Structure formats: C-alpha cells, structure tokens
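Same chain, two partners: subunit A is paired with subunit B first, then with subunit C.
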Partner chain A sequence: MRGKVKALLETQDLEVAYGRIEAVKGVSISVTEGEVVAVLGANGAGKSSLLKSIYGLVAPRGGEVRFAGRKLPPRATHTRIAGGLALVPEGRRILVSLTVDENLRLGACNRGDTADLDDDLEAIYARFSNLDQRRAMSASTLSGGEQQMLAIGRALMARPTLLMLDEPSLGLSPKLVGELFELLRQLNDEGLGILLVEQNTRKALQIAHRAYVLELGRCVAEGTPTQLHEGGKIEEAYLGQDGAG
Partner chain B sequence: MLEQQLVNGLMLGGIYVLVAVAFTLTIGILNFLNFSIPGVFMLSGVFTWALLKMGLPWPLAILGALAVGAVASLVVERCTYSWMRSSDHYVPLVSSMGFLILFENLVLVQWGSDLQRVVLPFADLNIRFASLVVSIPQLVSLVLAIGLVFCLRMLLQKTQMGRGLRAIAESPSTAEILGVVVARLVPMVFVIGGLFAALGGMLFALNYQQVHPFMGEEVALKGISAMVIGGMGNVWGSVLGGLLIGVVEVLSIHFFNADFVDFSVYGLLLVILFFKPTGLLGASGIVREKF
Partner chain C sequence: MSGYLEGVLVILLLNVIFAYAVYWPLAAGQLNLGVAGFVGVGAYVSAYASNEYGVSPWLACIGAGMVTFVLALIIAVPVLRTRGIYLALATFAFGQVLQSLFLNLEVVGGAAGYPVLAYLGIGGIAVFAFAVFLVTAFLERTRFGLNMVAVHDDEAVSDLFGINVRRYQALAFAIGAAFAGLGGGLYGHHFSYIEPQNYSILFSISVVLFVLLGGTQTVFGPLLGAFFFTLLPEVLRGSEEWRYAIFAVLIIATMILRPQGLVTAGELRAVRRLFGGGALAGRSHG
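After this line comes the complex of A and B, so read on.
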C-alpha cells in the first residue's frame, strides 16, 4: 500500500440507474494522489456507468462524488475538467472533422489557466511524434493506435491531476496495448493519478496499485493486485466469462 | 445595360447571403432547420422602419432593429430548441415555424398588413464607376455580408469557441466529454444567426425602402435555396449560392420579366441539385468537413 492517505477522488454509495435498470448499486471507491487504480469486471458490471457518473455524463441516482475535497455537481463535465479531472472516453471519440491540432486544443477548452497552452501542446507533440507529423491533417487520417494517443493527448491538454480511461485497450493490437500501458506507467511516474476501467485484467493489474472488482453493479472485492490474486476474487468475478483476459 | 444588372444582382445577392448564412449556422451546427429566421428578418426590417418613423437617429434605429432580431432569436432558442431538445427532431422545427407565424401576426396586429415606405434618413447616395451606378447602402450591404462571413469563418476556425461549435456540429456528446459547455454555446449560435438574419432585414428595408409583415417569407425561400445550392453547412457555399440567386433573379427580370424570376431561380436550384446533389461546394466524401 502507498503511504499517501489523502483521497483525490472519492465516491460514496454511488448509484446509477437508467430507468428501472440499476447499473451501479452503491459503489464506494477512492483514488489517492498519484495512484493507479483499476476497476475490473465483466461486461455489464457497471464499470463504465461508474466512470460516467463520476465524470458527470449521467446524473447519479444516489450517493456522491468528491474530487480534491469538493463535492461534484451531478452533471456538468466542464466543472470536472476545470478542477483537474479528465476522461479518455470509450471508443476514443476523436472529432474527425477537426485537425489533430484542433482536437488537442479543444482538450484545453475548460481548464483554469491557458497561459502555457502552446507549451503544453509542444510537450504533447514531443511525447507523441506520430501526432507531431500530422498536426494540420484531419484526425480521420490517423490509425487506431494514433487515435488512442490523440485521445490521451487531448485529455492531458486539460492538465489533469487524475486521468480516467474507459477501456483504452479496446480494439488495439497486442503490441499497441503493450505500448499503451507503458505510456500509462510513464505518466504515473510523472505524478499523474490514473483511474482505469479495463476488461484486459492482466494488463491492468500489471500497472495498478489497487483495484476494485465490480459484479452486477456492486463492488465485490478490492485490494492490491497480489491480494486479489491470492483471494481468487478476479477469477470469481469472471466466472462464465472467458477467463481473466 | 447588362453590367448594371449584374451589379444590382450581386447587391441583392448580398441580402440572400446573410439569410442563407443564418440558416446554415443552425443547420450546420445544431442540425436544426430554424424556420423562425424569416420572422427575425422581417422583425428587424419592420423595426428599422418603425424606429425611423418614431424619429430616432438612424444609427440608433439600426442598432435597435438588430437588437430586436437578436432577442427574438434568443426567445426562439429558449422556447423551441432548448425546451424541446429531448423530443423528436421535427418538434422544434414545427414550433420554430409557429414563431414565424406569431412574429408576422404580432406585426400585423400592431401595424397592419400594408406595405410601409421606409423614408431614408440620409440622402440617396450613389457612386459612379464609368457608366455603372452603385448605391452606397447596397455596396455597404454586399461588403458587410462578405466581410461578416469572413469573420464568422475565422471565428469558427481559429478560436476556442469556434472549435467548440464545430465539436458540437460533429457530435454534441463528444463535445460534452471535452468540457464544451453546450448549453452556453447553443444560445450563441442563435444570437449570431439571428444577427445575420436581422442585418439582412435591416439592409433590405434600407435598400428597397419598403417593409411589410410577410417580407421574410420570399427572401427566406431564396436564402434556403442559396444554402442548398452552395452546399449544406458550408458557409462559403451560402455566399456563392446567395450571390448566384441574386444575379439570376435580376437577369431574368432584365431578359424576360418579373413573372419569370421564380421559374429561373428554382429551376436553377433543381438543375444544380440534379447534377450535384450535395450543392456546389458541398462535401461528398465520407468525412463531412463543415464550415
């Protein structure tokens, strides 16, 4: 366990429902500064709904979300970004009618201070040389892996203290998945907190300090990767699924 | 004299450009055909006349007419697009048409259906290039129309707000994820679109010196045609379409007579759509790059 105790992000008994279907049934998780936390579980376990309600894309039915000591309003994503919480959405959600450069700049559209925006942009280009070469081109010309880099770079433009990623490895080749997780580890080494929703359990547990396992909208296990493996909780949660990914 | 007619056509086209851009903005960004735009055009034209008649100095009358247009457009946004966003897409469309009829009838009740003559506050100013006569208000309209379209394009391409608007145009839900405050930008679209329509109505009143409650409808049909001819959602397409319709209209009066105008304008629309269904500058690829 890490020494820091100050929770950066905290949910308390969070409930999300779509009509009469309850997707998240009272989940409490926390992420401390600079920590990598994974949320694992099978399809339909409520992982994405949890992330969406934290980010304000769906209003929770009950419970609350606290970020950096403040209670977050139920909707309004821009308040998250201004406070330092960014999301890399499932499916990357690149804007293909905009250029690579415009996609990145849009990532900074609600951050508090825009003084160093150009410097940050250059830092992103230095990190992702493939994007650098395609600055002025339509984002539709990027490959799947490059689009994921763009989605991450765009989220970084908000200067987050906590980066949330929803199934970032989906649709990437094994080699690119390896590069993606290496990048996440690097970002974490630089101090960035990460909340990762993943179906690729094995990869996620390689970089996570702690993980939560969701099953049918409830948190059924939490702990360090070692604890979870020893307790056999991971395999349990995926019973009937195709193993541990 | 043909050259003179071409000049007149371009000047008339400038008004159509403004109306076409107003339509293009809400269609391109919000995917919403805002039928209240002719009403906003008419309100601004009628208020130009009414405020001048009240004895207001002309700069104030112009500003007042534009303000009426912007406010009317904002009212439409509050009561149609924002209010009914969750309903089926044709509901805001029909209710915006309701606003057109409402605006027309409010003016009808207040001032009657007669054609009102706008008395120009300044002497009729013309400049001459060789044998061509160009009226200064008309020239100002044309320059203003094209200049404003240029500014609008710069706004859409180069500013953070413009990028936010284009993000909404492509995907409102992705825009929300990126923190674009959709609820703050949508009224901006209506105000900007309303100002374009209001400017058109005000310039129409000053150039053609007549207003009436239904003046918006005919111009709006040509504005929509201009947008379609130019290519939906493309701002420069609206400019090209507007100027083209203005010239065709004036030339058909010159060569034939006034009864022939609609035949040639809408005939042109059909012919262009037959050969290029996306409009002259419309994108035909998979990726639709708007604006």
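After this line comes the complex of A and C, so read on.
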C-alpha cells in the first residue's frame, strides 16, 4: 500500500442494495493519484454496482465516497464530472444518431471552460487517427473497437484526473483488447489515474499497480498483482473456497 | 395576392409554428398530445388582453407565449414523471381538461366562442413563423441542442455527463408550449374569432402527424411536414372527393418508405459533405 500518498478516490464501507438484494456489502477501496487500480471478481460480485455508486448513478445505502479530499453527495453525477472523475460505461453507450465529433463534444458538455475545447478535441483526434478520419460521420458507422475508443475519447473530453472504466474489453477481439490496454497504459504514463472494472483478469493485472478482488459484494483480497498471484487469491475468488483448498 | 392564396399561406405559416411546438418535446423524447390545449390558452389569453386591456396584438401574442411557457413548466413537474405512452396520455388528458375549461368560461363566451377585435395580418404572422424557425435552428447548433439530442437518445448516458435530464425535458416541453401559445394568439388575431371546438384532440394529433411525417431528427423536418400537410390537400383539390383518399395513401406511403420522416440527419450530413467537403465547412454554407 502507498500509505504516504494521499488517496484521490476513497470509498468507506460502501453499501449498495437493489430492494432486498445487497450487491455491495461494505467495500472500502482507494486510488491514489496516477495509479491504476483494478477491481476483479466473477459475475455478480458487485463490481459494476461499486462503480455506479462511486459515480452517483445509484445511491449507496451506506458508507461514503471521497474524491480529492471532498465527500461526494449521492446521486449527483455532475459533481463527479466537474471534479475530474469520468466514467466509460459498460457497453460503450455511443450516441449513434450523432457524429463522431458531436459525441466527443458531448463529453465536455458540463465543462465551464470552453475556450480550449477545440484544442482538446484535436488532441483526441491526434491520439485516435481512426476517429480523425470519421469526424463528420455518424457514430453508428464505427466498428466495435472504434466505438470503444470514442467512448474513452468522450470521457477524456471532460479532462478527468481519474478515469473509471466498466468492462472496457467486453466484446472486443483479442487484438483490440491488446490495443485497448496499451492505450490505458499510455494514458496512465501521462499521469491519468485509472480505476478499472474488468473480467479479463490477466490483462487487467498486467497494467494494474494494485487490485481488489470482490466476491459476493465483499472485498476478499487486495494487493499488488504479484501479491495476489502468490496468495492464490484470484483463483480463490473465481473458483470458490474449494479452489484454494 | 389573391384571397385564396393568402388564406392558404396563413394556415401554412401557423402550421409551421405549431409544428415546432410539437417538435421541441419530441426532440427531447416526449410525445405531447396536449398541444391544442396550449394553443387554446394562448388564443384566449392574448384575445382577452387585447380586447379588455387594449394591449397591442403583437405584445398580446408574445405575452401569450410567455404565459404558456410558464404554464408548461408548472405542468411539467407532474407530467414529466410519466414516460412513453403514459406521458402521451397525461398530455392528452391535460388538453381535454383545458378544452372543457374554455367551454365553461363564460367570461370569454363559453361554447358561443369569443370574437377578437384587434387584427394581425399575414405579415406579422410571417415574422413570427420565421422567428420560431430561427430560434429553433439556432438553439439546435448550440451545446443546448446537442445536449437535447443526447437526452433524447440515451437518458442514462446524458446523466453520465452531468446533463440535468429533467431540466432539459422540462425546457423542451415549455419551449414547445410557448410556440403553441404564440401560434394560438396569432390564429385568434387573424381570424378574429376563437371557439373551444378549435382546440380538440384532433388538432393535436394532426400536428403530431405532420411533424412525424416531416421527420424529427433535424430542424427542417417540421418545416417540410407543415408544407406537405398544408399544401398537398390544396394541390389535390382538383380531384374532388378523391383528394382525402389520395392524401391518406400518400401519408401511408411516407410511413412505409420513410419511417424516419422526409428528412433525416444522415441525409443532411451527406448533403453538407457534398457541398462543403466537411461538416464544419458545410455549416458555413448553411
């Protein structure tokens, strides 16, 4: 643990419930500035619910979320995006009736400083040359991989300090998954913090500095990739108690 | 200009205004079937203001739009809690309530109707219709318009980017209502007589119909729909009683062949590319 560095994002005993079903049962995680943190776990472990409650898409039933030293109110997404927290949602959620350009601009729709918006837009296009060629085209004409790049570009338009991604590799070919993780590594090299919810454990652990393993709404393990591999915690979480012996 | 031509043109201009009254809520994903109610409120409020207080018809019509704007914001609080077909039903019910209110308001003549003394000619109506089109076209190009499309396409994603979804929906509903109120005021001041029967559900449905026909993806859709819907029956007038049958067939053909409406956003982009070589260059070409 990086004890001395101040946490950028921190959750404390976060609980999320849908009616009587408890999806997250008191999870405390933290991400420091410029860190890549992965949240791993099987289907239904509560990973997405954790992300959604951090972002304010669902109100937590208990616990709190702190970002950049301030407590975030439940259910107010604009406070997240204004504060430097951005989310790339599961399934990309590109707006297909808009052009590539308009989708990107939408990412900045809550930004107060619009003066250098065009510069940021050009920076995104410089990074994603595929998108550059398709600026004025409908986003529906993009391939799955390009749509994922657009979703990430759109989130970057909000100028986040921490980018959260919900299952970004879902539905991508192995080659594109490789490119995606290379991009995330690059973004992190430039100083962006990343909180990654991923089913592709192997890939996620290749870029993560630390990871949390969730199981049925609880955090059952945390540590660096090496620590997790040595302790057999990953296998335990995915295969159940018997897997660990 | 012949009286006949002027009459058709006035109806066309008013239909353009009503089309944008329906277009705004539709652009934010709401089907407003109570537009006739707002048109009625605008007609009665402006007529009463100019008859009783001598307010100029111009001011009375603008004031009517402001009244319906505020009324819609108030109505939006309960109505926009519903979605989809229930929202359509709620606005439908609201329209019916208003129509029966007009029927029973003796101070404006009740069922006997209400004469409007001041007169507004075709020029004034044309100015307002043009203004309504310009305001809509302008707002569509701003961030406001982009956010509106986002709200229409995907509320969850709009929420994700910090767009206040409810605020945009309420504003779209209210801007549409303001245009409806304005159009209602103009109608009354041009035809010099208003009665509750004018503001029935049939009126709401026909406006919704021609907006859907024109297309709800771009600002030109409602304009085209209004032209189509107003002028086609006139063009077909020569064919006597067959004209309604032909009109109905054309509407059905449009629905089958052009389910997204006569103009779509994709085609508009294609045209811009053709003339401008790019979206931004295309914009300056208009």
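Going forward, the second predicted complex is superposed on the first by the 234 of 245 C-alpha atoms of A that agree within 3 Å, B and C clash if a C-alpha of one lies under 4 Å from a C-alpha of the other, contacts with A are read in each partner's own complex, and residues count from 1 in each chain.
In the analysis below, a residue touches a chain if its C-beta (ideal position, glycine included) is under 8 Å from a C-beta of that chain, and two chains touch if they have at least 3 such contacts.
Since the model is a prediction, treat every value here as computed from it, not as a measurement.
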{"item": "Combined model on subunit A where subunit B meets subunit C, clash or fit", "value": "clash"}
{"item": "Partner chain in contact with A:Leu8 - subunit B first, subunit C second, else both or neither", "value": "neither"}
{"item": "Which of subunit B and subunit C A:Leu196 touches, first, second, both or neither", "value": "neither"}
{"item": "Which superposed partner A:Ile81 touches (first subunit B, second subunit C, both, neither)", "value": "both"}
{"item": "Touched partner set for A:Arg135, first subunit B, second subunit C, both or neither", "value": "second"}
{"item": "Partner chain in contact with A:Arg93 - subunit B first, subunit C second, else both or neither", "value": "both"}
{"item": "Which of subunit B and subunit C A:Leu163 touches, first, second, both or neither", "value": "neither"}
{"item": "Subunit B and subunit C footprints on subunit A, overlapping residues", "value": "55, 57, 77-78, 80-82, 87, 89, 93, 95-98, 102, 105-107, 109-110, 138, 158"}
{"item": "Touch list for subunit B against partner subunit A, complex", "value": "160, 163-164, 166-167, 169-171, 173-174, 176-181, 287-290"}
{"item": "Contact footprint of subunit A on subunit C as seen in their complex", "value": "143, 146-147, 149-150, 153-154, 156-157, 159-164, 217, 265-266, 269, 272-273, 278-279, 282"}
{"item": "Residue numbers on subunit A that touch subunit B, as the complex places them", "value": "55, 57, 77-78, 80-82, 87, 89, 93, 95-98, 102, 105-110, 138, 140, 154, 158"}
{"item": "Complex interface listing, subunit A residues touching subunit C", "value": "55, 57, 77-78, 80-82, 87, 89, 93, 95-99, 101-102, 105-107, 109-110, 135-138, 158"}
